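What follows is subunit A paired twice: with subunit B in the first complex and subunit C in the second.
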Partner chain A sequence: MSLPHPIQYEILVFAALRDAVGHDTWQLNCDQPLSAARLLAHFFEAFPAVAGLADHTRVAVNQEFLHADRLLAVGDEIALIPPVSGG
Partner chain B sequence: MTTTQDLLEITTPFDEARPRYVAITRADIDQHGLADRGGHPACGAVLTFSGTVRNHHLARPVVQLAYEAYAPMALKEMDRVIDAMYDQYSDVRLAQVVHRFGTMPVGASSIFLTVAAPHRPEGFAALRFLIDRIKRDVPIWKKEFYADGETDWLHPEDGCCHHHLTAKPKT
Partner chain C sequence: MSILTNDEILRYSRHLKLPTFGIEAQRKLKQSKVLLIGAGGLGCPIGLYLAAAGVGSLVLVDDDVVEVHNLQRQVAHNTAAAGTAKVGSLKQRLQELNPHVEISTHDRRLDAEWAMDVVVDCDLVIDGTDNFATRYLTADACYLAKKPLVYGAIYQFEGQVSLFDPTGAGGCYRCLFPEPPAPGQAPSCDEAGVLGVLPGTIGLMMANEAIKHLCKVGDTLAGYLLMYDALTPSMRRLKLSRDSACKLCGDQPSITRAEAPVVVCAVPVPEAPVPEVSVQEAQAAMAEGARFVDVRGPHEYAICHVGGATLLPLPSLDADSVAALQRDQPLVVYCHKGVRSRKATARLQALGFEKVVSMRGGIDAWANEIEPTMARY
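Right, the complex of A and B next:
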């Protein structure tokens, strides 16, 4: 029996990223807090089908884009924002 | 996360600083109502912009669009875009931004903006600032449904901003 990971992130995903995940959220388990930049890297390693969006996908935390990398807290509302096409 | 709410809105009235109306809605946009309410006694220009569903993309016939929104953030981001507009165009007296989401047919208005300014040059510039920044930063995505039955999400590279954190190294 494996020990549960102490940290479980739930990340909101949209549009082509959501289609790749197959669900509105992506769950990531890890042993220590993750930075936003590492989260991006993990995601696109896990879903190579959408790797073409990697350089242009932003991280939003608590409904605001991050300007610089930082550690993510489990209580944060975390979202991956692929290039937008509203308007 | 698709929102279960059909309307989210923010209103800042005339008698407060930087007045605005911001909304994200699943319903048809009331363009005439917004245009009628878009004026201000101190302004000689009311500019409006309607973004409409086009029937083609790169020569491929399009029959309908679906917009997906991260609605609570989209509302906040549109509000932040209006703040950035007021930072740059301080004579503007009223701005309204309404974005629709969900499925809509060719010809429908997916976004409607109004700006009231004392004179037209600043109004045109402020309106352009708003739509350009919305298209870059507001978390809403367009899915096209083509006449041949295929669908595609549009993820244009200019719908991104490397002032924000991305995996691409900042140059």
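Right, the complex of A and C next:
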């Protein structure tokens, strides 16, 4: 018997993305391992209010910035980091 | 090699006693010329500590004037400086702190016309600006002029710090964030608010990076992005790498001059004309039975609001939340300054409300013209 969503990602979110989520982490359940690019697409579908940052947000995995095509593992520390401009 | 006078040796003696710092590092600092762009939240603590530490020469760039709402975090300015140029106010404070530092000022915004000239003339550049246009221009000019760039940026309770060294392997600012977001997509401190101590924390991390790089002491954040969260509190250090496809420092760069960045609007934001009224017209409508709808957040509503207004924050404005409104009652929608209320008015129209107008200038204009005892923020 298989679980409906065998993969659960816990994702750290920052700055304006955190405002949209309302929390500093976001959980995503899915059936297949995702690439960083797919994860970003899922995130901005879930939070259209910050869609303007979709092309500008970077994914860091295990404290390292990643290329978009890398597959994410469940235990990875995943962080979505948008640019900020305040000074 | 610069010679330190006896006055300077006494002033910097606690640096000179540090075994890994000492007189050689202090001399390097005295020989250094630092360009500090921005004399605000980040620029104030950076300027104060670099001047105190004994940087030989500081060039300050900012076109802004001191406002009272800056003073919660821009600690080098004082109450009496409100209305005066930030670079003048900061220079005066730094000169009082340390007369050995040579300070020059540019009371203007960094622009493409002279960015290269002012960057080339310095040993290190510090980005303490508050907008993407100047950040990208600064990053481009620094890479093209082969100058190290200390980067820092803040948002509400969070900060980012790094050092981009054009001679190192960690890449440049554009390797991290290739293009600026469209205007309005990443809120500024003015829009989103900022914890007063945050630019102090981030600014001092930036000053520390500048000093270590100039004095060749310890390791810097070159090749890393440091993320700080003041609420948790926590820090994360993320590894950066050069992007071979980077437009600025990649294998086939397309940016070969420091120019004003072209912001590509990925999501066009059509400014659909919505009906607007002045605060006087809004007041008259109220007398005739119109309902006021406040679309700011509850934390802003708590500062001040028009009496009797219904709070319906813009992010949660949808078919469910508008059930509390009557469709035959005229609605006057307001926010802080009249931007969010236009969006809310358009959304209410889309939800089938016909008698809806946006109040021009928001509650700020209302406080200024209708209700002078109301708090402004």
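Descriptive notes on the structure:
Definition applied: the second predicted complex is superposed on the first by the 78 of 87 C-alpha atoms of A that agree within 3 Å, B and C clash if a C-alpha of one lies under 4 Å from a C-alpha of the other, contacts with A are read in each partner's own complex, and residues count from 1 in each chain.
Note that a residue touches a chain if its C-beta (ideal position, glycine included) is under 8 Å from a C-beta of that chain, and two chains touch if they have at least 3 such contacts.
Quantities reported herein were computed from a predicted structural model and do not represent experimental measurements.
Applying the stated contact rule after C-alpha superposition, one finds that A:65 touches each of subunit B and subunit C.
Once the two complexes are laid over each other on the shared chain, residue contacts for A:14 go to subunit B and to subunit C alike.
In the superposed model, A:41 makes contact with subunit B only, not with subunit C.
Touch criterion met: A:83 reaches subunit B and subunit C at once. Legend: residue contacts after superposition of the two complexes on their common chain; A:24 is shown touching both subunit B and subunit C.
The partner that reaches more residues of subunit A, of the two candidates subunit B and subunit C, is B. Touch criterion not met for A:75: it reaches neither subunit B nor subunit C. Touched by subunit B in one complex and by subunit C in the other are residues 14-16, 18-19, 24, 53-56, 58, 60, 63-65, 79, 81-87 of subunit A. Against subunit B, the residues of subunit A that register as touching in their complex are 12, 14-16, 18-19, 24-25, 36-37, 40-41, 44, 53-60, 63-69, 79, 81-87. By the touch criterion stated above, subunit C contacts subunit A in their complex at residues 38, 40-43, 127-132, 135, 152-156, 158, 160, 176-177, 179-182, 184-189, 192, 194, 199, 225, 227, 229, 232, 236-241, 266-267, 315. Contacts from subunit A toward subunit C in the complex involve residues 14-16, 18-19, 24, 49-56, 58, 60, 63-65, 79, 81-87.
Within the complex formed with subunit A, the subunit B residues making contact are 1-2, 51, 67-70, 72-74, 76-77, 99, 110-111, 131, 134-143, 153-161, 163-168.
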